[in-house]
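The letters A, B, C and D name the chains in turn, as written, and every chain counts its residues from 1.
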Amino acid sequence: MLPTTNPAPPFALTRASHVSLGVTDLEASRDFYRDVIGLVVTEETNDTVYFRGLEEAAHHSLVLQRSDEARAHRVGFRVRTDDDIVAAERYFSDAGIEHERVEKPYQGPTLQFTDAVGTHVELTSSMQLVERRMQNFDEFVAGAPQRIDHFQVVTHDVQTATDFWAGLGMRMAEFTAKDGTDELWGTWLEVKGNTHDLVFTNGRGPRLHHFAFTVPDATALLHAADVAGALGFGGEIDRGPGRHGISNALFLYLRDPDQHRIELFTTHYQFIDLEDQPIRWEISNPRRAQLWGLPASRRWFFEASEFPDEAVRDPLLQATPETLEEFLSIH
Amino acid sequence: MLPTTNPAPPFALTRASHVSLGVTDLEASRDFYRDVIGLVVTEETNDTVYFRGLEEAAHHSLVLQRSDEARAHRVGFRVRTDDDIVAAERYFSDAGIEHERVEKPYQGPTLQFTDAVGTHVELTSSMQLVERRMQNFDEFVAGAPQRIDHFQVVTHDVQTATDFWAGLGMRMAEFTAKDGTDELWGTWLEVKGNTHDLVFTNGRGPRLHHFAFTVPDATALLHAADVAGALGFGGEIDRGPGRHGISNALFLYLRDPDQHRIELFTTHYQFIDLEDQPIRWEISNPRRAQLWGLPASRRWFFEASEFPDEAVRDPLLQATPETLEEFLSIH
Amino acid sequence: MLPTTNPAPPFALTRASHVSLGVTDLEASRDFYRDVIGLVVTEETNDTVYFRGLEEAAHHSLVLQRSDEARAHRVGFRVRTDDDIVAAERYFSDAGIEHERVEKPYQGPTLQFTDAVGTHVELTSSMQLVERRMQNFDEFVAGAPQRIDHFQVVTHDVQTATDFWAGLGMRMAEFTAKDGTDELWGTWLEVKGNTHDLVFTNGRGPRLHHFAFTVPDATALLHAADVAGALGFGGEIDRGPGRHGISNALFLYLRDPDQHRIELFTTHYQFIDLEDQPIRWEISNPRRAQLWGLPASRRWFFEASEFPDEAVRDPLLQATPETLEEFLSIH
Amino acid sequence: MLPTTNPAPPFALTRASHVSLGVTDLEASRDFYRDVIGLVVTEETNDTVYFRGLEEAAHHSLVLQRSDEARAHRVGFRVRTDDDIVAAERYFSDAGIEHERVEKPYQGPTLQFTDAVGTHVELTSSMQLVERRMQNFDEFVAGAPQRIDHFQVVTHDVQTATDFWAGLGMRMAEFTAKDGTDELWGTWLEVKGNTHDLVFTNGRGPRLHHFAFTVPDATALLHAADVAGALGFGGEIDRGPGRHGISNALFLYLRDPDQHRIELFTTHYQFIDLEDQPIRWEISNPRRAQLWGLPASRRWFFEASEFPDEAVRDPLLQATPETLEEFLSIH
């Protein structure tokens, strides 16, 4: 069933903002994101490293936390003002949704909650400002990632996840559905005016499939791959370079030392006007997964990062043997 | 004086949407925008040609109108809903601003008005949907422009222009000011969440300096230049390729057969968070105009398209002889 | 055993020049090479289509011949002068190598022969000149291939093939060998001063694995893939985009409607100085095949185009079960 | 008068190889070529820094020598073997051309001479081998220059210069001539099989106008410009980015701290076949200088590096006032 975007959401979400990951070898992971991906280290403490993209003025968009287990700790979104944090708190209380105000360094008022399918989320209304480095071209490394863009979450229940976030004001830009039905197998949701800020796909979940940063162009994408190869991470590309049918992204996916997955991509299109309709892709259409090239690896299809202490459930929609192959090429 | 963005604007502007130009040889201009720039012809009548960028689902973002005189007829912005058109009408009435409801083919409710410095503007809340061509890669031509992005207007009074649009909810992302003062010489205003939708620069105005389309990457920009050269328009590049300090755009400016100017560019950065501060550039800093390379041509500095029947006034802020050279490199 | 390049070859080879293919649907194949690859049609007759790259001044570098069977008819090389054709004729006579003078339209004196491993080859000393189109940027299509570059032949006997061509003056730029031995599994041979003009790899042969054209840059390579996707040939990319360790090529391989294979690539390096040593890659080193990314498809490994009436033999060097996986990533 | 290439030259030139420059601040110049251009430092002594491009296996292609004066010391070419050095020595002796055998570190047998128009030249037959860094993608900086390609020399007598080098086996790939005559104003000469290894243009000479390195693609060219801007050398780009009609190069010219000029470029085309004819450009054709964009700066036209103790002479062919403007756009 297609979701209905709330035209008057309870609080104002503005964009995907940051992700925090538990990593088992902090120094190895720091080196990976700095040297293989090209993110800027904003700050480094004994047990935490804060990164941002080259153009970002916010203190961090990726936070690595020294941890015993490799887990996706939390995905973060921005709300417009401090008042939106208060409104969100009230809304979650009224709706009986688990949430908690927390203190987070370099962040304004911060609220954590768990969405309807178990995704661990954090909202904040501001961050400490730091210098944009987008014109420090001499410091560009590897893919020269500019900014965080979106998250993709594998969920056992795409419909419920989608309805939850549509209720918070997100619009669906594209979706996959079982042929001839409105049974949702994947949804691309946005709030910042282009293709997606949050993606849900059908599978064992909740698990964070990947977080994505934009890169300047196709050449940067390939340079990231070349640098990964040169630094011994060539085998950690588990998909791409390729072109998704859905969203039109030119993509490259890499696994970090704990097997968390980062996407580098280009080619968002604008999605602002209210008359724009979501693009529908039948599951039977192989072009949704990629317009050309080789299929993704099995690692890409089946591996993702769990959230701490969050049970992973089997998907409500089961791929039958004859659709498994199709399913494999959905996402 | 720095403008104050209205946090509760009278109606909801969402983005720069379309521009209409009077051209004296419709066929020559159509060929230029189709073959040298690479825009898609949506529709063509005896006296009008409608174009859009490759990713655009809206019917038109550039309208050429057969005309006796080469004039910039009107720049267009989108508002969110039909109600916003009504709200805008009420607001302009209350404020004593000249405006008029008009019927425009392929557009929803449309309101025309003249802003505080004489810019001819049009608002609409929707357009007829057409197919996005962003995945028709075999049809990509020249710069493969994806979507309209912003307008730059030369005005005799940057302060007044800026205050007017800040009152409608636009935020200033960057600005140039006389050293050590808040005397505004140029302002980059945005509403869609990245660097600019509307730019005002000091000079004889109102005149439309250029309208801008995004291209996929630097290679597309250079390919557009190569195609322009191959088709005999190599001399109609009046600036670039180069990199602006302001906005960080990698740019190329071309003149059409009537000398209207189009910018192709890449490299917007995001400007969504409320704590983001506008970037200030002193007039005495030559890096604002370009980070490298040769200065713009005199044509680029002094030529622009007048609006019909709108008197052009001398700027309130006069460049003194010793600052003229500086002035030349402002924009 | 490493080959010894003949310092005074019997005649002067200068470069890879052209390839002729038998195709079963001439119109479909013409459309493929013109629209999906971007080659220029020089001339078209009832049963033959002649193509060239955008920068080429020679009449043809690819010849399609209407045929009942999909076969690689012949790979062509240039010699410096007409006298070199005479010298070649004398040399092959003395050496007892099968050869024949033939008349070929648009070509100077032409000599056909079969090399020591069964490759069908043709030498010519000149071609009719046509206009270079390298500055007709408005005519660039898909990958915008600039010129033919090299051939790769699968052979049952890499050592014999390599010795034969080294005797004609070719130098080995890179090679793969069984670890710790000089047992050759693949050789990259050149005569024009960069990495390769002719490649031999171990397998069932003789079969033409692919012929290669240069493209301007990585962006052109990806645009070719996008155009292939848009025109329904996305599934005919059987390897890439990727980066070979051997030769450092950034590559994309596509299959034509008869399953002949064309490579588009960038990134030759210069190989002129006599003190330059060939680069050796152990079979056990997976980086030779690619520096990053997913392995090639089985189609890429096992399928290639036979020559007419030329028996295909099993390779002298057999991949043992434990080295088959290695073998798969050799080429 | 068009030159006649010697089909049996007295010795075998193979390619442009290296250039040595006198610089007045060795550390500043080293930083420039390493950080702004992206060359690899092979070795550094108290008064000399040796550089090479990323793909080069030869010890050096640029040598900076601490000096009281900024001078172009010498341009270097390779010959095929040591015997060619001996043959060259004999040839210059017989021809009464000033020459001298010298010892140069890291070079094989080396012979210095002065050509017919005063260019200081050096020949060598080999260099110490070092590691190619073309796959160390993580070390790529700025333009990521791959290899030295050619030299451009301003001379008072293009005809004499051209005849001299044609006598050594060089072929003319392109030339500029006074309209309707064979009065040579510029010649592009090659020996390695593509557009040029050595260029002569009319003017006060002999002076080294520039030496050129290849870069991987247009994106690298623009990244070099961006890095130059970021590091404070944005004003030292005295031409480009642009596209020459002659040679089809996409170019960027930068001045080093002593105002020696380096070109970064892409887009050589192949020039091997003997039937290929040189491309002729009339002086009256403005497209020869550039296919699009703004003209070069006066610095680019009139400034170049003198050779030590070599008198600079006025050109034999004087630009008349009415052709001066034309002359400005020749080169």
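In this section, a residue touches a chain if its C-beta (ideal position, glycine included) is under 8 Å from a C-beta of that chain, and two chains touch if they have at least 3 such contacts.
Keep in mind that this is a model prediction, so the values were computed, not measured.
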| item | value |
| --- | --- |
| Chain separated most widely from chain D, comparing mean CA positions | A |
| Selected pair, greater C-beta contact count between B-C and C-D | C-D |
| Geometric centre distance via CA averages, chain D-chain B, whole Å | 43 |
| Between chain B and chain C, centroid-to-centroid distance (C-alpha), Å | 50 |
| Interchain centroid distance [CA atoms averaged], chain C/chain D, Å | 33 |
| Set of chain C residues in contact with two or more other chains | 135, 217-219, 226, 229-230, 291 |
| Complex interface listing, chain C residues touching chain B | 35, 135-140, 142, 217, 219, 223, 226-227, 229-231 |
| Of all residues in chain B, those that touch chain D in their complex | 217-219, 222, 225-226, 228-230, 233-235, 237-241, 243, 250, 287, 290-294, 297 |
| Chain C-facing residues of chain D, complex | 14-15, 55-58, 78, 80-81, 126-127, 129, 132, 134-135, 146-147, 192-193, 216-219, 245, 248, 266-267, 269-270, 272-277, 291 |
